[in-house]
Structure formats: C-alpha cells, structure tokens
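Step one of this worksheet: look at the structure below.
Every chain is named by a letter (A, B and C) in the order it is written, and numbering of its residues begins at 1.
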Amino acid sequence: MGIRDVCDRPKNTNVRCRLPAVCFVWQLSMIILFGVFVRYNEESDTHWVDYRKGNNITSDIENDFYFRYPSFQDVHVMIFVGFGFLMTFLKRYSFGAMGFNFLIAAFGIQWALLMQGWFHSLDYTDGKIKIGVENLINADFCVAGCLIAYGAVLGKVSPVQLLVMTLFGITLFAVEEYIILNVLHAKDAGGSMVIHTFGAYYGLSISWVLYRPSLDKSNHLNGSVYHSDVFAMIGTLFLWMFWPSFNSAIADHGDGQHRAAINTYLALASTVLTTVAISSLFEKTGKLDMVHIQNSTLAGGVAVGTAAEFMLSPYGSLIVGFFCGIISTMGYNHFSPFLEEKLKIQDTCGVHNLHAMPGVIGGIVGAISAAAATNTVYGDLGLENTFDFTGPFAKRVPTIQGGFQAAGLCVALCFGIGGGIFVGLVLKLPIWGDPADENCFDDEIYWETCIKATELNMHREQ
Amino acid sequence: MGIRDVCDRPKNTNVRCRLPAVCFVWQLSMIILFGVFVRYNEESDTHWVDYRKGNNITSDIENDFYFRYPSFQDVHVMIFVGFGFLMTFLKRYSFGAMGFNFLIAAFGIQWALLMQGWFHSLDYTDGKIKIGVENLINADFCVAGCLIAYGAVLGKVSPVQLLVMTLFGITLFAVEEYIILNVLHAKDAGGSMVIHTFGAYYGLSISWVLYRPSLDKSNHLNGSVYHSDVFAMIGTLFLWMFWPSFNSAIADHGDGQHRAAINTYLALASTVLTTVAISSLFEKTGKLDMVHIQNSTLAGGVAVGTAAEFMLSPYGSLIVGFFCGIISTMGYNHFSPFLEEKLKIQDTCGVHNLHAMPGVIGGIVGAISAAAATNTVYGDLGLENTFDFTGPFAKRVPTIQGGFQAAGLCVALCFGIGGGIFVGLVLKLPIWGDPADENCFDDEIYWETCIKATELNMHREQ
Amino acid sequence: MGIRDVCDRPKNTNVRCRLPAVCFVWQLSMIILFGVFVRYNEESDTHWVDYRKGNNITSDIENDFYFRYPSFQDVHVMIFVGFGFLMTFLKRYSFGAMGFNFLIAAFGIQWALLMQGWFHSLDYTDGKIKIGVENLINADFCVAGCLIAYGAVLGKVSPVQLLVMTLFGITLFAVEEYIILNVLHAKDAGGSMVIHTFGAYYGLSISWVLYRPSLDKSNHLNGSVYHSDVFAMIGTLFLWMFWPSFNSAIADHGDGQHRAAINTYLALASTVLTTVAISSLFEKTGKLDMVHIQNSTLAGGVAVGTAAEFMLSPYGSLIVGFFCGIISTMGYNHFSPFLEEKLKIQDTCGVHNLHAMPGVIGGIVGAISAAAATNTVYGDLGLENTFDFTGPFAKRVPTIQGGFQAAGLCVALCFGIGGGIFVGLVLKLPIWGDPADENCFDDEIYWETCIKATELNMHREQ
C-alpha cells in the first residue's frame, strides 16, 4: 500500500484518543519544563523591594508592570476575542473558530514563554528564564503568528493538527525572531515582519501543501449568514481599536510607546476610508461587502507595525494606511481567486490580503524609514534610543540599519514559507483526524451541537 | 421643474461613484493637511529624552501617555463598539449600524485632530499642530457628537450623507467647543454640553428637516428581533462600563481623574435602578422593555458629565442618576411619540431621551454645582485647580463661573439646532443616494447580503 | 390555610408593583445613607494637592488611581459583560441573564460600598466612609459573589427575589470578608474563599431550599441554541482574559500585582488544555462540549485566587490549573447530575463545578503555600510585605498563617451555606412573583418580547 493510498483512505474524525493524549502530554511537558526553567524576574519577585532600594527607584509605579500592563491586556483581548471572533463569520464554524483559537492560544503562550525565554530572558547565572509582564506580551505576540496561520486553514483541519501546527509554529517563530531582532538587530515593534509576514506565509504554505481539490463539496457551508457577520465584526472592532496597543506594547518607555500608538491610530483610520471606497467601487451597484469591512480595515495596522516606533510622521502613517486599504481590498476581489485557482492555495480568511501583503509592505516601509532617519529629525540621543545603536551596534548608521531591516523581511519570508511547507507535509500524514472534503467548515464534526435537520436545511437554502 | 419635483423624483441608491469619490477626496485632503500641519508633540517625539532632562522629569512614567492611555482605550471602545453595537438593535440594519458608525468615526477622528488642533494645539512658533494622546481622546470625543447625531437618523440616510454630516458636525463641534471651553472658560470634562447636548440637537434638527411622512412603509423593519437585542446590549454594557473613563479621560491629573471616575460610576449605578423601576411601572403586567434597559441606563453618565470633576459628592452623583433614569425612561414612553407626531421629529434611537435631555440636565447640574463651590469644600488650591482660575481668569469666582457654565449650555444648544437645520437642508439635496421611504432600516440597500426571500418573510411575520 | 397551601397557590408573575417599589425604596435608601456616610478619600478629594505636598509625593502618577484604575476597568468588564454574557447560553433567557445581572450588580455595588466601607474605610475622626478606586474594585468583587449565586438559580427566580438575594448576599459577604481578612488576617487577593466559595455555596443553598421537583416541565427551554452558545463565549473570553486583573487588582503595589497577574495567566492557560482533554475523552466520538469550554476553562483562575500574590512559582500555577480543568470538567459530566438527583440541588450554570470546587481548592492551595513560605524564597522584607506581618500580627509565622488561611476557608463555607439556607427560606415566601415550573428559563415572563408562536415552535423543535 503506497503512501498515496494511506493518504486517501476514508477520513476518521474521531479524535477521542488523539486530542486528549496530545493535550495531556503537552501540558505535562510544560509543567516539567516550567519547573526546571521558569522563575519570576526581579520586578515580579518578592525581592523587588530590595531591588528597588538597590537601584534607587523612588516609587513602585516605576515597576515595568505599570508601563505595560494596560497594553498587555489590550493585546490579550486581540488574541482571544479579536482573532477568535474575526473567524466566526462562517455560518457553521463559530464554535471551531472561537474554541480552537482559544486552545491554540492557551497552549501557544506557554510554549512561547519557554522558547522566547531561552533566547531572550535566560539568566546565565542560574540557567533560569526570568519572566515578567513583557514576556507575557511577547508570548501573546508569538501566538498571534500561529493564529494568523490558522486563518488560512480555518475549517479544514482537526484540533490535533492545530496543536501540532502551533508547536512547530512557535518554535520557528522564536528562532526567526531571534535572528531578526538580535542577530540582524532589526527593529520590529509591531511585528509586521516577525509576526504578520511569518504567520501569513506559514499558514498559506501549509494550506498549499494540504490543498483539497474537492473542497467545493463543502461550498454550502463556506459562507456567512447575517448574524455570523455581526459576530465577526466584534473581532474586527476589538482588533482595530486595540491595534495601537499592539504596536506600542513593547516599544520603548515614554515617547516610543506614545508615538507607536499615534502612528497606528492614524494608519488604521485612513485604511477604513479607502477600504470602503474600493469595496463600493468594485460592486455593480456600489454596495459594500462585509468581508472587506471585516478584514481590510485592519491592513493599516499591520503595515505600520515595523515603523510604528519611528518618526514616520502623522501624514506618513496616513499614507501607509491609504495604500494598504486599497491593496488589501483589491486582494480580496482579484488576488484571492487567483491564489486559489492558479496557485492552489485555499485561504479561508484571506490572510494573504490582511496579513501577508500588508506585512511585507510594513517591512519595506520600516526599511525605508529606518534608512531615511537623520539626526536632525530624531536628535542624537533620540536616534540612538530608537534604533538601539548601543553596545556592539554603536557604530551602525541609519542607511545600514535599513539594509538589515530588509534582510529581516527576507528571513521572515523564508521561515514562513519553508517552515510552512515542512509542517504541511507533517500534517498531511493521515493520523490527525482531519475532516473529509464534504465535512469542512462544519462544527458537527468536532463539537456536540443540537442542530436539527430542519435548521440545517434552512441554512442550506440560504 | 421646481425644487419640489427634483426632491421627489424616484430615489437612486446606487452610491458606486459618489461613495468612493467622497472617501478618496476626503482621505487625500487629510493626508495633505496632515502633511502641512500635524507633527508629534514633545511627549511623543524622539526629543522627549532631552525634554525630560530639561524639565527635571525623573521618570518616563510621567509622560502623559501613562496618565491617559488606559482611559483613551476605554473611550475608543465606547466609540467603535459601544455606539456601533448600541445601534444594532434593528432587525435588518446591523451592518449599517456598525459599518457606517465605523466609517463616520474613522473619518471624523482625522478631521477632528485638525479642527481641534487649530484651536487648541497650534504651536505658534512653527505653525504646526502638535499631537499627543490627549488629542486622540479629544478627537474621539468630537466624533461621539456625530455618532449621537447618527442615532437620530439611523436607517434613513446614505453613507454619503453621513460623511457630509460628519464633515460639518466636526467643524461645528470644534468651534462650539472653543467658544465654550476657551472663550467662556466653562468646564465640561465629560461633555454633557459640548458633546451630548450639541450632538443630540444636531441630529434631531437634521432629522426634523429630513422628515419622512411615509416612513411607516418601512415599519416592518423598524424593530428588533431577539438576537439583535442581545447584540445591542453589547453596546450598552461597554458604554456603561467605560463611561467613568469617558468622563475622567481629560480631567486633571491626580484627584481630578479619580473623582470624575467615582462620580460617574455612582450616577450610572443609580440610573439602572430607576430605569428598571419606571420601565416595569408603565407596562401593563410589569414587564421590562429592552429599549429602556439598552438606553436609559446610560442617562446618568451623560448627566454627570459636566460636574464629574467637581466636588459633587457621592450622594450628589446618585441623585443625578436617580432622576435621569426616571426622565429618560419616561421620555421613551411619553415624549418620543409626541416628538414624532407633533414636532415631526423621527428619532430612530431615541437620542432625545438618552443624550438631549440628560445633556441639558448635565449642563444645569454643572452650572449649579460650580456656582455653589466654596473654599471650605475645595480648599484654596483645590478651587483654583478644579476651575482653572489662573491667568486671565484668576479673579473669577464660583458664582460667576456658574453663569458662564449656563452660557455654555446655551451655546451648545444654538450650535446644535442651528447647525443641524443648515446641514439638514444640505442633505435634502437629491444627490446623496438616500433610500426611499419603503427601503429604510434595510441593509439590502447598501450592503451585499445573502438574505433569501424565505428568511425575509420570516422576519416580516415577527 | 397552612403555609404549604400558601406556597402552592398559582404563581402570579406580575411584578408591576413589587419591582418598582423595591427599586425605589432601595435606591432612595442608598441616597440617604450615602448622604450621611460617604465622602471622597484623600486621593480623590480636591485637597489631594495639599496631601501630596504634606507627604512628599513627587508626582500625581503616584495617586492610587494610576496603580489600580486599569485593573478596575477590567474587573468592571468581568462583572457586567463577563458574568452577564456567560449566562446568555440559554436559548430564551438571554435578556434575563444580561438584564438581571445588570440590575443586581448596579444595586449591589452601592450597597457594597456602604457595607465594606463601614468595616474597612471608616474614618473614625468624622464617622465618614472615605472612598477611592480601591473601594470601587472591592464593591465589584462583592457583587461577584452575588452574581455567582445568581448562576445557580438562573431562570428560576424573579427580579424581586434577586434584589432581596443581593441585599442579604452583600451583607453576609461584608461580614464574612471582615472576619476572614481582618480578624483571622488571612490573605485572599483573588477571593477564592471570600468571593467564589462563599458565592457558590450561597447560591447552591438557595437553590436547594427552592428545589422545584417539576422543573422538567421547562426542559424544552433549559438548553442552548447555536447562537446563544456564541454569545456565552463572549462572557467566557472576557472573564478568562481579564482574570489576571481580577486577581491582581487589590494586590500590593509593585511586585504583588505583577506576580498575581503572571500566576493567574499561567493557571488559566493550563486549565484550557485539560478542559479540552477531558471534554473530548468523555464524549463517545471525542467531540467537545461547549458547556465545558464556556465554564471549566475558567476554573484555574478561581483556584489560583488566594495564592496569586504568593511565590507560587510559574510551574505551581500551571499545576493548579492542570488539576482544576480536570476536576471542573468531570464535575459537569458526573457530579452535576448527582447533585440534582440525590442532593436536590438544581444548579443551572453549574457553579458548583466552576466556583465551588475550584474555590475550595484555591483556599487549600493558599493555606499550603502560606504555610510553606520561607525567608529564603521571599526574603525577610518580602515575607513581611506579602503576608502583612506587621502591627498586631508582627510575630505571626508562615505555618500559623497557613492555619488561619484554612480557618478562613471554613468561615466562607459556613457563611455561604448558612446564609444561603436562611435567604432561601425568605425567598420561599409566596410574595416575590417567581415563575411557575413550566415558565422557567423563559424571558416571556419578565420581558416584553416580540416572539411569535412560529418562532417559539421552531425553538421547541430543536
């Protein structure tokens, strides 16, 4: 029996042994690894009171907690409610969208704390990872990459596959992030490259490997109903509103966080208008399409991620948002069908339009604005602070920095595509309980529901 | 062909050219104006590090960002999710409620940054507007006025009309705000006068000019279904919960923000009980009406806006909330039908009960509590800080301040009513693509939807 | 006519006189009591500027408002949206779930400010309660206990009963809290004992006294539909995301809040995986059950409440979450039917699995980790700060503290069960307008709805 036969045998979507087994094994591993490696850092440990005195810190308010916790909670909402609800637009996959999003994220943040901890927060004196609120934010960011990837394969994979995809995704993310931020010393406050470009191409590559030629058998479920579109708008709006917190959450204290929030706020506002314009322009009678409003309005936030902390200028942010709204909306109208028909990439949520293209634009904008940075605009100290031209990088100049930013974008692309193809091949093994082509986009497969035949018929009619 | 004939010709709701054109023109104008005028202020610029040293600021935590950003995000949620979802109660206008709310707000905040910037944040040394987080909050506030106005005309106008209404609304708002806050030197932390009174009368006047005698042709869609009422409660609750942030967002650092939050929290709690009481009292069998719970519970937050920062006392806040719950709920039962039948004002969301009356009450409460302020209660320094009796206003006393507060209320009313009538006449021109009387409250006109005849029939039956 | 006859006469659910009367009387009482007793504290009063100077506080940012307001708003969202939407899962009780939750909470926070104020914030120099942001958080916490109790009786009581239940619940809570936190000097930052154990047993005892043998007459409404499960997930996710704020909101400034947030974040993440594992394991084909995802995923946050502020270690938090996910999910599968059939406790939302068992576990974890605290781990000053071993408790040692923690758990249990039985008997009086057995779980009784026969039939079919 060849590999092809194995792959083509009837699907068994009973995950009763596999799902609990994977959850238990992974959670137990997390407990053991956390027991060996993870401790509180000096700001979350009871010794903070001594640390404060030793470092002449006048007030508890200077604990990093108070600089970052409000932004952390906003990011947290984006991860769980934002991404979760954005994907509820399918008429019969709302449970899977929210529930598996929840599962992926809850596992991912633990694994991310470890992976990122080893690279960034390891205390070499005792071999422990010391965590504080900034680690929590970074773990949420790391998970965002995997949730973006989930958007590309939404409705076509099993929860076991998603957990495998997350395990590999977080691992790849941490390595890629280390290379981009530490080795290349590129800046990427809002993660246009590190999170969005990587995450989107990771998901798209997996989707390409898992291509389903007969997916149209599930066509009657691959769409929205009125109420599911309203639910999806909850996700859109929480992502849109809290994106300034996303891009500013780990920016420099003081002006860095302040400026990142302003730039993102403006880019997003601009995107909404061009999204509406293009959406209306390409429909026969000028009607708006909810798919565009739900997704393309967010493209400006993605594209301004890398440069959010830079002196992009308020009008610079508006310009970035302006073009991303146009490109993303046109992507839904023209590029998504091309991707599916010619490149065999089935992209359920259109992450190519929302994350991949704007992410790449964001990387390019970041490289250009870094290369164009001058002492006149930034001030001597400001330039040094913004780009961390200190220590081994003390002699780097903006033009060189621009080059390294561009290199960072390439690294993100390579990790996304390469990693996605590898993980896609792993997920193609016929052991993960994925649904048959005629059962995609259907909560019935993995969820206890109380839907009677009549109700289903009603939805088929629509 | 007379003007009447032009106005009465069959409606053309195809906005395929007009909507994109308006969006593009306005967004491009924003980019150009931002390019000419808008820059970062000293707290969001990379020169902050020099500014900090120059002003002996010991820590980055004293950047205004950390005083105001959490409140800003709460206000942001109120604008986009709060107002957006509050209006989803109509059975077939949820897309329009959320989507056009989104569009208005995204455009409005840009235009508000400019208009308010010219009046309040212009740096006369270089002719630039310098923006920081407080400007973002004020822009959101400014937009709130227009979204309140949208509530009065919900379902009866086209998105093009809404964009025109927003352009004028923001402009009028900025002028009115300048007169009230700067010329009259009235205080209005939560905007009872500046935001709510102005916004509500602006919307009601527009609705009066655009009166539709045959609106009952759309009666079958002018109501809620079970799920749409649940969606609307998302809006209600986020508005209710974050209202303390709204009223305290731009209050004075320290005790000012603290006190404004407490007063608002208490006023809102009190309002809920009297709303429930009156709602139950006026139904035959004591049943509660969702319309009241969704709207009148918020009236206390509106009415405590002006006085939120004052020493209103906890029980004073409860009393304000107590009466507003009663007045607002009785407004829905008795005053709204009167407005529609006698005054020809069709007020879809009942903004007269939620914003107009409580806003006027708020202005009066503010005037009285300002006039009654004493050194004994406030302390010498406290009185000076709270009312900004400094510079040219150093000699003003509380009783005089009370008079100027009352004058401020009149200004808000005049701008609301006068501006609304003017803009209403502009919107009456038959070029904006508004729906016919039988197509009001229907997403079908401006949105791609997948609603089949059967589903619509089901909703007609209800 | 005996008492039995009185209790068994046909139900009259017309609350037209009773509900408004109770609302008015209680709100007026609040106004009078606030007038007599409640004033601003030194951080929310205009004299703050003098207080600052007198206490050498360098910046307004050290006002407690900036330490706690972001957490307060998160807690506020949990109370109103979190609890409110979590209970919307019933197909025809979403209005009651959100609306009565809103009513209970709005009344409860006022009464809690008074009750807790008398015990904790009374200024003996002038006999006034001085309130600030910490009081608002504590009032929200206090209300949480009553909302947990509401979960046990959801759909089976009238709003009048709920207001009575809240009046007594808040009173009992304040006394119990005073005994546990002040007399026993136990620590309970996240309220595992004070809030969850008390609240859950209070509700379960009431439900036991109000046992309805014929509740199966309402069986057709005692379940969810697809969309109501999605609404409930809004509640779940906001509770889950903001739980770190809940457990850290009133923890010590600096490392205390920081550590409590980290511990809670980790415990909750761990719970999600074991909940999914057990949910899948106990269904025939490995499908997941929304009831588990909506509820059991939160158990870790409950169980880590008491010990959140302690040096529980990151892996300690994961272990607590691990077991609570298992126990809570198995509770839904095995213990809830036993409770209903054998113990005659009808627990609509399964608060026994979500709050009671995890709350008790939390109390035990707290006692053990307090008893195990050492100077080596905490540092001398850290130990003193964390457990407040100052003043009359300066000589207490960790092992003794562990004993007092355990005693605190017993107090919470006694108050919950004893208080619940007493209040249950009060609520059994036939004067409160509760629904008949065949009208439970139905919004029709207390809400104006527009549901036609056809729609209801459709739902009965499901």
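Note that in this section a contact is a pair of C-beta atoms (placed from the backbone, for glycine too) under 8 Å apart; a residue touches a chain by one contact, two chains touch by 3 or more.
Composition by chain, UniProt nomenclature: A, B, C = Ammonium transporter AmtB-like domain-containing protein.
On a predicted model such as this, the values are computed, not experimentally measured, just so you know.
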Worksheet, complete the sentence: Shared touching partners of chain A and chain B are C
Response to the item:
Residue numbers at the chain A-chain C contact, same meaning over half shared and different meaning under half, come out as different
Response to the item:
The distance between the C-alpha centres of chain A and chain C, rounded to whole Å, is 33
Worksheet, complete the sentence: Multi-partner residues in chain A (2 or more other chains touched) are 58-59, 61, 66, 70, 227, 234
Item to complete: Would you tell me which residues of chain B are touching chain C in their complex?
Response: 58-59, 61-62, 66-67, 70-71, 74, 223-227, 229-230, 233-234, 237-238, 240-242, 244-245, 253-255, 257-259, 261-262, 265-266, 268-274, 276-278, 280-281, 283-290, 293, 297, 311, 313-315, 318-319, 322, 377-379, 381-383, 385-386, 458, 461-462
Response to the item:
Touching chain A in the complex, chain B uses residues 13-20, 23-24, 26-28, 30-32, 34-35, 38-40, 43-50, 52, 58-61, 63-66, 69-70, 73, 76-77, 80-81, 84, 88, 92, 94-95, 98-99, 102-103, 106-107, 109-110, 113, 131-133, 136, 159, 227, 231, 234, 445-452, 454-455
